[in-house]
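Okay, so chain A shows up in both of these, paired with chain B first and chain C after.
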Partner chain A sequence: MSRLEAALQDLRTLDTLATRDNALTRRDARAQLLVTLGFLVTVVSFDRYRVAALLPLVLFPAVLAAWGEVPGRTLWRALALAAPLALMVGLFNPLLDRTPMLGLGALQISGGWVSFSSIVLRVALTVSAAVILVAGCGMPGLCAAMVRLGVPSVFTVQLLFLHRYLFVLSGEALRLGSAYRLRAGARRLDLALYASLTGQLLLRALARAQRVHQAMLARGFDGELRTLDGLRWQPADTLFVTGWLAFFVLVRSVDLPLALGRLVTGVLVGLLAGLGT
Partner chain B sequence: MTTPAVELQALAHAYADGTPALRGIDLCIAAGEAVALVGANGAGKSTLLMHLNGLLLPGGGSVHIEGVAVTRATLAAVRRRVGYVFQDADDQLFMPTVQDDVAFGPLNLGLPAAQVQARVRAALAAVGAAHLAARAPYRLSGGEKRAVAIAGVLAMDPAILVLDEPTSGLDPAGRRRLIDLLRSLTPTRVVATHDLDLVLELCPRVVVLHEGRVQADGSPQALFADHELLRRCHLEPPLGGS
Partner chain C sequence: MHMADALLSPATGAAMWLASGGVMAWSSRQLRERADDRLVPLMGMLGAFVFAAQMINFSIPGTGSSGHIGGGLLLAVLLGPHAAFVVVASVLTVEALFFADGGLLALGANLFNLGVLPCLVAYPLVFRPLAGAATTPRRTTFAAVVAAVVGLQLGALAVVLQTVASGISNLPPGAFLALMLPIHGAIGVVEGLATAALLLFLHRARPELLDAAQSGAARAPMRRGLAAGALATLLVSGVLSWFASSQPDGLEWSLAHAAEGEVLPPSSPGLHTRLAALQQRTAWLPGYGWPAAEPGTAPATAADAAAATPKAAVWPEVDATTSLAGVAGGALTLVLVTAIALGLRRRRTRA
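What follows is the complex of A and B.
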């Protein structure tokens, strides 16, 4: 299976997950979108040298993935796709920032390595949350939620069409690629051929866009995309949103790992003191 | 005298590069008729169909739908009357789910949500696709896509149904289901096709197009027996015919 086919298969998997009936998909798409936005804001609001304080936020994707029955493999594959970006962004930190920040015995850890870890963790958290959001409400639900929350429909329409025709155009790209390989023999895909194939794909995409527009006009399209979104807000959605937002506020305002460490240390010191007397 | 469902008078059209596609077509189709347009590639079938709901406007002559002239000013009214099923269902199924796609037309008609939902259910049931409502179009088979594309048009309750190559790309079972479905429908049907066996089963009237002109107009039995006409228009008699 080519990388393109594998990526498409992952997208199909997410669509399938969104059609299941479980604790996550029963939540209104707006509720899922709001808590995910709250999560993203919380994650990016932390200082770049704070890693431990981010750890409690792992609870959010972990719980939602369990509720939404999102397979670990799906999450790992998405993280693997995003990993090069994270590495590229954070790679220079250990080289440029060598200020010692942590000492583990004789081992000194520089600020660059800490901020690098922070970047990798943040990318993992945000990518997981985005994948779980699509798996929870599907692209149509997500776009419907965006429209109801005031996002301009010109943006959501583009997103919906991108999602719909990604499969059609990628199918055409795969067929073009197969046709090339069948007659290419030992010839490698050089820049000229690549440009030609890409140009063909672009022309096909333009022709397709024209036919789709005609099909829309034929059924009365007048520039406004009207849909039956089927969104229904329930009391459980209010609980879902307030519960998670409260958790994010708690994580942001209290360093839970530090507090937990102090608590455990205090208990241990108390126990040791008790044993000593 | 009753108003014809479709009336073309000296209809002419040329492509952007000046190549003539239609050269003075005169055609009258009565309400409730099932008419096949047959002809070789480039004969002008699809171009003619696109004039029936204003996707193309006449370069010369006129098109009337139930007495209404097709012009820019009447496009909305014409498109309420004429439902167009495209050759490639992927062009027509652009919404994220089957249900959304079938609802697209009725919503554009300004119908209330409850009525739209009722129409969606009825149209999907009519084409035997009620179980596909929540599916994404890209996950459907060719036959299912075609059925849903027809449902999307039926949900608008058109008086005239226009179909461009409806059996292309279908397997025998899908083709059979489609023919049975088209036979069960009551609107006026205009079908452009190369599938002459479909014509024999569905259409009591055939219009043969060749190089943008009407070459013959009559019953399929009479026209398909005229081997000279078929040869001249680059057609072959159907396997189930003579």
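What follows is the complex of A and C.
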């Protein structure tokens, strides 16, 4: 299965997840969008040499994925698709920044490896947050939230249309591709054939757009797309937003893992000292 | 190439969001004024087409690799620049949301690099003047290739500028540019050829479509206003990125700068900026260090002696106790988070 085919399958999975009734999908889409944006800003606001301090933030995608019943496999697949670019650029850090930064006994870890690990962690956090956002509110919910938050409706209507016809046209493209492969054998697709193949797809897309427009007109379309957004802000949404934002502020201002580590190592040393005497 | 959240600083991300958000508001207003309700399904369908067409690859002779259309330029020819920008923006948003291509904070940067630059800069300033009114195959191909190359080179340059301004990657700008520009030059030629081939096919199959698109685009208020808008956006984002680059992490950087000013006078600007983050870290770690691991022993180690003088403590001594506390704490945090998540999942499956 190609990269895009796999991605399309995941897209369907996310759509299905958003229609379920669970602790995450019951939250207002605006609340989910706001909290996710707060999370992303918190993640990227950390200094590039911070790794451990970022770890408590893993709680956010972990808890939301559990609430929203998002399978780990879906998250992994999204990560595998998104990671290569950031990793490619990030891999230069260990090569270019060799100043030692962390020391554990004889093992010295350079600043480059520390910042590389930070990049890897950032990728994991930001990618999973985006995927969980979609799994929580779905495309219609997300577009409704965007409209309520002031995004131009021209854009959200476009997003809804794109989302609706993505599967239709992608399916056609995949069938065209496999039909060509079945007939052409080992012969590869050259530019002239490519143009007529994608050109046919384009002509069909244009014809379909015309039919859809006719159908819309028949149903009283006057240039404005009216949707029922069904968004209702509840007290639980306020709690959801304030709770998570407070957690982000806490993680951002206090290095929780270091404090925890200090506590544990301190207790251990105290115990050892107690045993020694 | 998509810019990624992981490589972006909040300041640069916000600057690019502002620039792209402004262009989006402006394009939406232009479309509203055009008031062509046929555009609604047409734009949606063409967005889906661009997505689908990326599933079909043609082989590039002699290289063993393959290519496909980019989309921005083709959409601009078919729909006009404003509608094309909105469509490209929707495709990039779906990619960011569903396929996590780039990410949500980087979306502003990606809209600018892959939407504004090809649709609102390369199309009106390069493709239209070069292609003119006549649609001879040679001229269309030439215009498409040049416009695609210009659009992609500008995009690659923008990715490098945004990465450097963010200061997360250590890659020097020169080397990064040397890596990015040739690759994107080659991709630009391939994309330009594919776009031209598709346009010529369309010209043969349904010439009226292209004529209608071009007259529609010409009717829309374009030209000077558009060029001025695009240039203003470039300038604004350039200036904003420059501000962002002088303060890679906003508050964090100013804190580091302030603290470091007391300890060590800056020797050279390049080194000083680079070390600022390190210094902030090392200046703040001793406060969390292992409290008197061996009570009663004299500060015999180099680290302890160095800690007495703030300047020497800054670098390159590595505080092993703090490192240990950090690693242990990090591991414990992960264990705790995993336990909470597993607990939640188990409760859910039982319920």
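Note that the second predicted complex is superposed on the first by the 225 of 277 C-alpha atoms of A that agree within 3 Å, B and C clash if a C-alpha of one lies under 4 Å from a C-alpha of the other, contacts with A are read in each partner's own complex, and residues count from 1 in each chain.
Note that contacts are C-beta pairs under 8 Å (C-beta built on N, C-alpha and C of every residue); 3 or more make two chains touch, one makes a residue touch a chain.
For clarity, every value in this text was computed on a predicted model and none was experimentally measured.
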Contact breadth on chain A, by residue count: chain C or chain B: C
Which superposed partner A:Ser253 touches (first chain B, second chain C, both, neither): neither
A:Asp222 touches, of chain B and chain C: first, second, both or neither? both
Chain A positions touched by chain B in one structure and by chain C in the second: 160-161, 163-165, 168, 208, 212, 216, 221-222
Contacting residues of chain C [partner chain A, same complex]: 1-2, 4-10, 13, 24-25, 27-28, 31-32, 35, 37-38, 40-49, 51-59, 61, 69, 86-87, 89-91, 93-94, 96-105, 163, 167-172, 176, 193-194, 197-198, 200-202, 205-206, 209, 249-250, 252, 277-278, 280-281, 288, 290-291, 293, 295, 315-316, 318-330, 332-334, 337-338, 340-341, 344-345, 348
Chain A contact footprint on chain B (complex, rising order): 50, 53, 55, 76, 79-80, 83-84, 86, 88, 90-92, 94-97, 99-100, 103-105, 107-109, 113, 116-117, 120, 134, 136-139, 152-153, 156
In the complex with chain B, residue positions of chain A that touch it: 12, 15, 19, 138-140, 143, 160-161, 163-165, 167-168, 208, 211-212, 214-222, 226-228
Interface residues, chain A side, partner chain C - complex: 2, 4-5, 7, 10-11, 14, 22, 36-37, 40-41, 43-52, 55-56, 58-59, 62-63, 65-67, 69, 78-79, 81-82, 85-86, 89-90, 92-93, 96-97, 99-105, 108, 111-112, 115, 118-120, 122-123, 126-127, 129-131, 133-134, 142, 152-155, 157-166, 168-170, 172-174, 176-177, 188-199, 201-203, 205-206, 208-210, 212-213, 216, 221-223, 225, 255-262, 264-266, 269, 273
